[in-house]
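We call the chains A, B, C, D and E, going by the order they appear; numbering starts again at 1 in every chain.
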Amino acid sequence: MDTSLFLVQLINGLQYGLLLFLIASGLTLVFGVMGILNLAHGSMYMVGAYLAWYFVEHTGSFALSAIISAVIALIIGVVVERTLIRQLYRRNHLDQVLLTIGMIFVFNALQSLLWGNDPLGVAVPAALSSAVPLTDVLEYPVYRIFVALLCIAIAVVMYFMINKTRLGMLIRAGESNREMVECLGIDIRQLYTIVFAIGVMLAAVAGVVAAPMSSIVPGMGEHILITCFVVVVIGGMGSIKGAFVAALLVGLVDTFASVLVPQMSSMMIYIVMAFILLIKPQGLFSS
Amino acid sequence: MNTQVSLDLDVMLETQGLCKYWGGLKALDNISLQFYDKQLHGIVGPNGAGKSTLLNMLCGHYKPTQGSILHKGAAIEAIKSYAFARRGIGRSFQKTNIYPGATCLENCCVAVQRRMGGNFNFLRSRYTQKVLDEIATEALEKVGLGHRRNEVASHISYGEQRQLEIAMVLATSPEVLLLDEPMAGMGHEESQLIIELLKKLRREYCIVLVEHDMDAVFELSDQLTVMVDGQHLTTGSVDRVRDDPRVKEAYLGQGDEVF
Amino acid sequence: MTKLLEVKGLHTYYDESHILHGVSFAIEPGQAVSLMGRNGMGKTTTLKSILGLVPPRSGHVIFQGEEISHLPTWQRMRKDIAYVPEGRGMFHNLTVREHLEMAARPNQKGEQNWTVERVLDTFPRLQERLTNLGTQLSGGEQQMLAIGRALVTNPDLLILDEATEGLAPLIRKEIWDVVRSIKESGISTLIVDKNIQVLKDLCDQHIVLVKGQVVFSAGSSQLMQSLDEVESYLGV
Amino acid sequence: SQDSIKVGVMLPFSGVYGALGDATRNGMKMALQENAAQLHGRKIEYIEIDTEARPERAPEIASSLLSNSEADFIIGPVHSGVAMGMLKVLRGKDTVMIVPNAGAGPVTGPLCSPNVFRTSFSSWQPSYPMGKVALDKGYKKVVTMSWNYGMGKESLDAFEESFTAGGGEVVKKILVPFPKTEFQAYLSEIASINPDAVFVFFAGGGAVKFVKDYDALGLKGKIPLLGSGFLTEGTLEAQGNSAEGILTTLHYADTLDNDLNNKFRASYKEQFGKSSDIYAVQGYDTGLMIASAVNELKGDISDQKALIKALETTTVNSPRGDFTFSAAHNPVQNIYLRTVENGENKVLEIASPALADPGRGCKL
Amino acid sequence: MLFNKRTERYFIWVFFPLALLMPLFLAENTFFVSKLTSVMIFALFVMSLDYLVGRCGLITLGHAMFYGLGGYLFWMIAPEYEAVNFWVYTFYICTIAAAVALVIGFLVLRTSGIYMIMITLAFAQMAFYFFSDSIEFGGNDGLFIYVKPETSIFGLSFFDLDNPIHFYYLCLLSLFNTLVFFRVLIRSRFGRVVDAINENPGRTTALGYNIFMYRLMSYVIASALGAYAGYLFTLQYGFVNPSMMAWTTSGSALVMSILGGMGSIYGAILGTFAYEGLHYLLEHLTEYWMLFMGILIIAMVMIFKNGIAGYMEKLLEKRI
């Protein structure tokens, strides 16, 4: 691999990593920080992409569609938390597995009912549709640069919110001991509803943002789900910084494995994860 | 060294230059102590002095940053933490640490079974061995929980859980008992019971007692060590230590009243 | 003058087991009240019933003249009640400073007498451990933090459940001093503790529970008179 | 007068392959409806089961259709792994199995069986002719790329077979783990190799993503993209402009100008509200095949030998052009060279007329 | 008593006699016999997972690796066209799977909780991709197995595996034996320690138990039985596919075991039959089975606090 190809692949790896962070960010919040095992996270990613497509078809504006989709996702998040997740906090974690798997079924069915099974695509918004030349042959689409910046922005905001603000402290405290937080006069239920909904919204936003770069197909959420969990866990539960580093790591590993050891590339992120967890059983940045 | 302690007693447990650092914090700094068989060794000191840390190392829960621990003359600081218990070093915890979902009896049975063996017996029923139950019941009765033996541990009150905690240690029939604030949270009567119990036990075991209940410590200890901020301040007989002005300043306070 | 807290006929159950059998008592503003009893008599359960952590099957909790039995726990605490639970309730993922900062707030009247700084001054030990996580503290340090965390909410009523458990004599004295000064500043306290020697001087009113029933409830002078009776309830 | 004919349908109706299952079923039902007259009064009863594209469930569902529902025909599947699972149960049984899509070589190769037919293609078929096309265009060095699974590998091998035979060179063969759709790293690598052309096999969502990435990263227009026709089947709408100009070979093309095809496309669009694609055609032909066999036997399909004989000898008048069956029960059909123009697969020429799969390993 | 819950005894008295008689009713329709057989095989698999997750507190998302391994191992070690003995190969497969589990367990059991879930998943995914990427093992499309073992012991043969009914009884027997085996295991002194570790591992270490060994042992046992289930599955249709090892298989098994009631062992049978039964019914009723399946699963989580077994116990145990 010559230097220029190496650099290109480095960019690819980082780009993929950032996208992974975006998709995993909601999961970091809901699962890592709040401790709710939400397997339907991938489904919300899928729903986000479908919503984006649907509203782009109807409004013609990507930005508008993104906003509407985010709001719908937020509402779904609130409803799901209020009606379902809330009942399970006191129960075994595994009940959350069962519940959210049930939700995956429902979301999949609804997707199929509402939008059919054909692969769909969203065009890159016109304002961002140009590209920067990279090598003689390769170009780099501006939209992907935009996405990378967006991911970094979300990472920074999340990091500050969780680690530096009072709100972040409350959320973390809630994961540790809900009852005690309530004893300090804080409406933990409300707080959790909101944060859960934000997590769901982040998943959907990731779907919206990814829509123009990928194909919108049934089951797209399930493929990405496991990778998201890999990211959160390698990073160390509850650590935003960890998730960010892990996402970049996974992105780079996957990219370089694809070109350097193609026979093993599918296994590579799992090998890396196993390796990291054997050395650091609590992930990279565990507290 | 305290002259009252007759030198013909065996040294059961010994620490040599034991250190534990948490990052920059020296939770324990160069502690060298000897714990004698059939003696009760009290350890007191202000909060955060490193008493629990010391116990945690004596029972293998933490590994020392430096220094060594000798059990009957053999260095044991490097062995696995469960092996400490196998060598007869049992401990109770400052923060209640029991099996909340099991009955009190079952809690103790787990403890008894360790030394009765047969733990990898896949076929033999756990309920067939009456001896196990008997030893466990005996331990419960010693701490005054006999009447609660079939109660689920999470359903008994906090104080009772503290009693159970001690019963479990006794049930392992250790040689060394490391007790971390066994009386904390117990009522007066229960405390008295434990004090009586310890009075009986202290001639049978090597006991290390960490406790803030001064009456109890003064009453029970053969030897008393005072620690402050990870440092060893003094060791000696109760009377000598109690009157040590440094101890008064750092720990007991000047007043006559003892809370 | 309305009572600060009034508890009427609490009956509380854990599943099927009946723990509190009609507990009633009242706290006047500014009073320090002790709640005593042997292990397992229902002291903690009483506190939890007041706070709504274990909802009573029947009975009333009236705070500053207002029925709060139907409110969720957090709203009751917002009425400026603070609670130091038995077992301390540390957060394993928050540092000492964060424990205090997350809880700090002015009370309903807008006063903020207790700030994070004041707590740290009161407990210098915590000052040294600011970046430790809650569960990395020694037992006593945790206890100080739990009290500090309750104080920064600037309560009208401070509820302490075995707050001096596991504290060194010096610190324990310090805590009682703090409670005394809190009391002097007009904050009421409800104290569960085993140490009758201290409580009899510190508190204005004493309540003794036996098997979920109030068997003794009176002021300090009466307590001195019937000290033997009370001590027998407490098994001293 | 007689019982209805039971048609067991084992297709994926959910998940990634759901669209393929839908189209296949639509096509089949349409054909049987249009040709109801040929059924000699017998009604068709469908038993439809979602395979979820899970191979490990295939034997069970197949045996359910076989012995519980006692289906006369079992139609399916889309996914090659599922096909293998079905074959394990259905080979040599009384029921006729018709594969409307899965291209796995062994189905009409080493595992062929008298009662197993395929109306679609063997994976070898659509790709093999592309080698010659590439040579004709003057491409000497080609990179091939596909998912690392049976169908993908077989397609690349078929292309390579004809391409290298004519003197071309496959400079790199990239196998992407299935079902990964992160293509950026591979495309960067291709760009640095800068071959004369790229030949790929992808389908469905992966095809959409691939074509969009190929365009977004600027490769389109610089390195010609060739593909097995599935690259642009059922995906054109999602691919949008990015697909324009791609060259593919397949046994069908939207713009095939024959009456049957025109009629088929019009009524499909009318009935289902969307454009037809190859999967619909394959399903349609499956229906046609059943209808014509039933017709030939005058509605009595109880004699299995006769039924197989009838199926073997039919000429299916398909929208893709008439085709017959090889000894191994695979279609002998034209392969067309197509290009994408205005969101349609337009025929350029017949790349290989009446191409028959070699049927390697089949002893029929 | 071995089965110490009344609910469990009721269940056994209802389920096994019914299952014994079932083929008599279904003799006409061999499909239902094989359907029940495959559900029982999967129930056996779920049971081994239930033990691991519910009793040992070792949550794994990689258990399907052993399910698949059971199948592939058989393909690897069985000669292609010679007759082999079922029992001998059961022994081989369980032993090899146990050895594999020993090595993997040695690694994965260093972690716990969610980290363990992920690391088991990692190993399972590696195995999955290993088999689905390698042509020698049939890749994505899987493999056919043409041998059917014979089942004679000392010259006596009770089961003819080509006969679905015989195979059904073999699986029923296996299921019953596994249930009894786990019950014995749980009741044993080993089981007491395992329970203790599940509740409070730290305390158990402090009492002097090397908890790693107990966990490893449990992991090995459950994995060997998981492989046995996979072996039975492979025998049923003579077909192995890497999707047997996919994480979704582990996931479904986990769902069935939670649904049945974690840690109750017999709940695994309930959960598997309930889930598979619903699935079968719904997919024959409607194309949108997923919607109803999802809603039913959600409803069941909300209603059953401890799975179906827990719910039944609540109904039945009270009246003692």
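We adopt the following convention: a residue touches a chain if its C-beta (ideal position, glycine included) is under 8 Å from a C-beta of that chain, and two chains touch if they have at least 3 such contacts.
By chain, UniProt protein names: A = Amino acid/amide ABC transporter membrane protein 1 (HAAT family); B = Amino acid/amide ABC transporter ATP-binding protein 1 (HAAT family); C = Amino acid/amide ABC transporter ATP-binding protein 2 (HAAT family); E = Amino acid/amide ABC transporter membrane protein 2 (HAAT family).
Given the structure is predicted, the values throughout are model-derived calculations rather than measurements.
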item: Neighbouring chains common to chain B and chain E, by label; value: none
item: Chain whose Cα centroid lies at the greatest distance from that of chain C; value: D
item: A-E compared against D-E, more contacting pairs; value: A-E
item: Between chain B and chain A, distance of the C-alpha-averaged centres to the nearest whole Å; value: 49
item: Cα-centroid distance, chain B relative to chain D, in whole angstrom; value: 75
item: Inter-centroid spacing, chain C versus chain B (mean Cα positions, whole Å); value: 29
item: Chain A: positions in contact with at least two other chains; value: 108-109, 112, 266
item: For chain D, residues contacting two or more additional chains; value: 13-14, 148, 177
item: Pairs of chains, among all present, that meet the touch criterion; value: A-C, A-D, A-E, B-C, B-E, D-E
item: Parts of chain C lying in touch with chain A, wherever the complex brings them together; value: 51, 53, 72-75, 77-78, 82-83, 85, 89-94, 98, 101-103, 105, 133-134, 149, 153
item: Residues of chain E that touch chain A when the two form their complex; value: 53, 59, 107, 110-112, 114-115, 118-119, 121-123, 125-126, 129-130, 133, 247-248, 251, 254-255, 258-259, 262, 288, 290-291, 293-298, 300-302, 305
item: Residues of chain B touching chain E in the complex; value: 59, 61, 80-86, 90-91, 93, 97-102, 106, 109-111, 113-115, 118-127, 168, 172
item: Chain E to chain B touching residues, read off their complex; value: 184-185, 187-193, 195-196, 199-200, 202-211, 214, 217
item: Interface residues, chain C side, partner chain B - complex; value: 14, 17, 38-41, 44, 86-87, 125, 129, 136-141, 143-144, 162, 164-173, 176, 194-195, 197-198, 234-236
